[in-house]
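Each structure below is given as structure tokens.
Two complexes, one shared chain (chain A), two partners (chain B, chain C).
Now for the complex of A and B:
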């Protein structure tokens, strides 16, 4: 990739005050990610790992405590007022629940028109033309325009929400679990819409999700997040074929199989326990409390990110071994269970 | 597995009347569950899968008039028409419930131990002391570490997975014969989901209970269930053993659902497979096959009359699709 990234996040940290006096929850801790134009990038992890907070911090819904968000090379934290608003427009957010992200009392036309007004589209004719265009882009019939958003199904509502985000010609969409609230038979339609938008409009998309299979198919690259940190990232195919962080390995192996012939014989590793509290994260590697491979060294220092192949790296002291298949968090666990 | 069905539902129809509208979320559905068997009921939201299981047991929102017809027999006893106080005795005793969201299923201001013990006191006539001891046993049974300390905690102090384990312990407290689990893992992470499913399967086998697993996720079915009913728009589209239905689905809807799950071999950036169109909204019963507008196999006859469930050649699978069934007859 010789192009410059459209979105670059550098050492971003977001912390919240804890209920325990004087303590902080480091929801996002020293995260750096990059998004190139027209690319869909996945961000996966368990709930509470900070993936939504990361998305919200990027668009400015949460305040970063340190680090930078660069849009086309411009540091957003250095901007204010009109300049910040202009830049922010290029960065849009699609929320998980299309039932709470739209105003029930508006018609579809009004909902999209509102976004256009805010985007500074002045004339009525221009807004009318854009509304038609946007409805067409998200695959909604123009007849839907006069209906209230409350009359629509979940899939249609999510399309309206996407149309609103597109109204301002964004360069980057942050999609926070955009299809989890939708029924299975509808999900594919909305996913295909994202694929088409990426191809037709060249919008880059950070796709936050917990459905690993969905992310694999849509994203060209994937970041795996655990307790506020990126533990592994790489091209999807490579990461799914050769996960090189014990957490990624166990996360991928947790996904259930639909075919009962495979499922019944699958010696799926059960992830041990749940995510520890981010108020008091474990010392050293944050995954060590659940990791079957953990050794004493893991508690001493945060393992640095090891480059494994172009664009693929993992933050584990055994990453190179795991990548070569010389070691596995899964085999180890099966052996110890036997 | 015993021959006698523990729960026998035949031709169940549920009509709901509110001040504004009348809908039929369940339209003539039949199924049965034997002791020690797990039946998965799979369908999208609005397919009637939850109402079908909750309405006969009186678990419906207030302000809705529920009208039931058909028959629901639990251990040979007809539930439809049974007075509410009698049904109340069954809930929690013969039938245990596990709900989707463990946070709203638990009482936030009472300790875990009390919430479990309460069930044992109520349904097994235990003394408070004996019930507390039973609570401890149950918490151990559902695989919670440090059980004595957990009993003294409040729900907000626990993680999602632990809360769901507590909900399972409460459901088991009355020694139920039938466990109804409504989307028990939907609110949980994929890693915790695997743990909870394994636990449910394990207690179901150990206590030799019957279990109805209501879910929208085909992925959780294979590992847990013996049989499956696929629901679409208030009716059963296909039912049979999991090994048959998931491996070689026959109904176009079941096929579409299974086909819609992304596979490892799908190229990155390739189109997602799915069903076209949207499910019908609940309302008046549909005259023909409800899937016809979205179905690639549909012929004009599909819209004329409701397709009956027809047995496959080896008589294990039932499919409500005239086109699929006719193809079989022709072959």
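Now for the complex of A and C:
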């Protein structure tokens, strides 16, 4: 990791006006992440924790209320108008729902061609050649070109959407649960295609998902998000083996196992209670209201991020203990339940 | 023939009677000058007020003009004026509605408050005010009605534009770095026009009624141009002695209005997302009802 990060997000904050007057929903609060060229980084967390908002803020679909997004060292918040559009084009977004992310009035060819025109490919021959190439890359027959997008299946549509985002030669791809709207059988195909393309093209990718197994398979590093904040991040192998934040431990443990013999002995029920309202987040550590290990100190201040091993850190006052296995949120939970 | 199949399949889903009525109306209106058997303005006082016969299929009016020819030419008058009113109103409405839907924020607030003002004043009153200032005449009437009509189409266009703008495919374009012009002209405008045109069909009946109303009051189409509303008012003195003269233009107008309403609603219900259509149609029915009410007051 001696390379410079291709995408650097610094202290990003996104808030929305709440229905309650004068209050704000802190969807993303003080988040810093880094992406290095060519790597896949997972972003996991419960629904509503701000994963998608983080992704949308990075590509500019939501307005950041503070913080910076640096792409190849260029601060995007300092740019505006056409300059911003041109720079931000290197950041692309793959939407969760392939049914609404394509215009039904367009044919596949038109959708990809439009992306090429936007990216500044002027000549017709060049665009024609690139369209063929892109369709080939995502494994679609060139006969699909003249079909309307509404005639295609979900898997095909997601392939077209991927081809369209690749048309502008992105450096970073933000994928917001790109396969979760697809059938299980199609999911693996599209996922494999995606991994192959990512490897071939060397695009860095922020992979937003709640499918933990998928992230483990795909990502080299993982960020765990809870209620608008990153609570833990680290290399995926280590994070999955030794989760060091009580929330990560419980999140990982709540994923069902494929093997019924293991599933039978799985510890549960794990996650208790509801996610607190992001309008009125708990003081100090945000997870303390649901954390079995919570002590009085947790309410006083947001625990700083403790470095545990190279590239692995967790924002919990017990992080070191949890990492060394001296404590476990799960065992504690069971003990108090018994 | 293969190219026609989807169109025919779509036509089959519509109410047949309304389709035939409107088809007839549009055909007669378009080819009226060639279809009318006699000069609609040629007077012959010796033949005044005659019933149906071989020379005059539907009889003559109080000045001896051929009623059948006048009804056909009136269809043309009605078609052209309704088309112009809706054309102008839809253009203004779509332009302002899409701008509001694209920009949101204060632009949206400002434009929609203007629309609210327009909607809060009954359209007949606006039309009467404009005609009162400019003076009666064909194009004055068209402009007056268009001015009264656009807030409705502005409201609809804005609703459609907002729903299009929030779709991920527009967001995808923004992420691709498409210019605002491309998003507006390439995606938002065509999408909005497509949906709003559907409402234009449903509005045509009300517009036809409005044209007839103003002409009936002597504020719209001026004699000697044949027009249904004006034919009604011409025939009114003979209501008791010869009801045929009143009934024929009345029936023609009624058929056109009901035809447009039925056809428009069936198209709208098939084409547009349900909840939106329900709200819009309910609002439109209120509009139609208010016309009736204003007319009985007038």
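Note that in this section the second predicted complex is superposed on the first by the 337 of 338 C-alpha atoms of A that agree within 3 Å, B and C clash if a C-alpha of one lies under 4 Å from a C-alpha of the other, contacts with A are read in each partner's own complex, and residues count from 1 in each chain.
Everything below uses one rule, namely that a contact is a pair of C-beta atoms (placed from the backbone, for glycine too) under 8 Å apart; a residue touches a chain by one contact, two chains touch by 3 or more.
Everything numeric here is computed off the predicted structure, so don't read it as measured data.
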| item | value |
| --- | --- |
| Fit or clash between chain C and chain B when superposed on chain A | fit |
| First (chain B), second (chain C), both or neither touched by A:326 | neither |
| Touched partner set for A:100, first chain B, second chain C, both or neither | second |
| Chain B versus chain C as contact partner of A:118, first or second or both or neither | second |
| Chain B versus chain C as contact partner of A:21, first or second or both or neither | neither |
| Spatial angle chain C-chain A-chain B, Cα centroids [nearest 10 degrees] | 70 |
| Chain A residues touched by each partner, larger count belonging to chain B or chain C | B |
| Partner chain(s) touched by A:161 [first = chain B, second = chain C, both, neither] | second |
| Shortest CA-CA distance between chain B and chain C [superposed frame, angstrom] | 9 |
| Common ground on chain A, meaning residues reached by chain C in one complex and by chain B in the other | none |
| Touch list for chain A against partner chain C, complex | 59-61, 82, 85-86, 88-89, 91-93, 95, 97, 100-103, 105, 114-115, 118-119, 161, 164-165, 168 |
| Contact set on chain B toward chain A in their complex | 44-45, 159-162, 189-195, 197-198, 216-223, 242-243, 246-247, 256-258, 260-264, 266-276, 278-279, 281 |
| Touching residues (chain side chain C, partner chain A) in the complex | 167-169, 171-179, 182, 186-187, 190-191 |
| Residues of chain A that touch chain B when the two form their complex | 40, 46-47, 153-156, 183-189, 191-192, 195, 210-214, 216-220, 236-237, 240, 250-251, 254-264, 266, 268, 270-271, 274-275 |
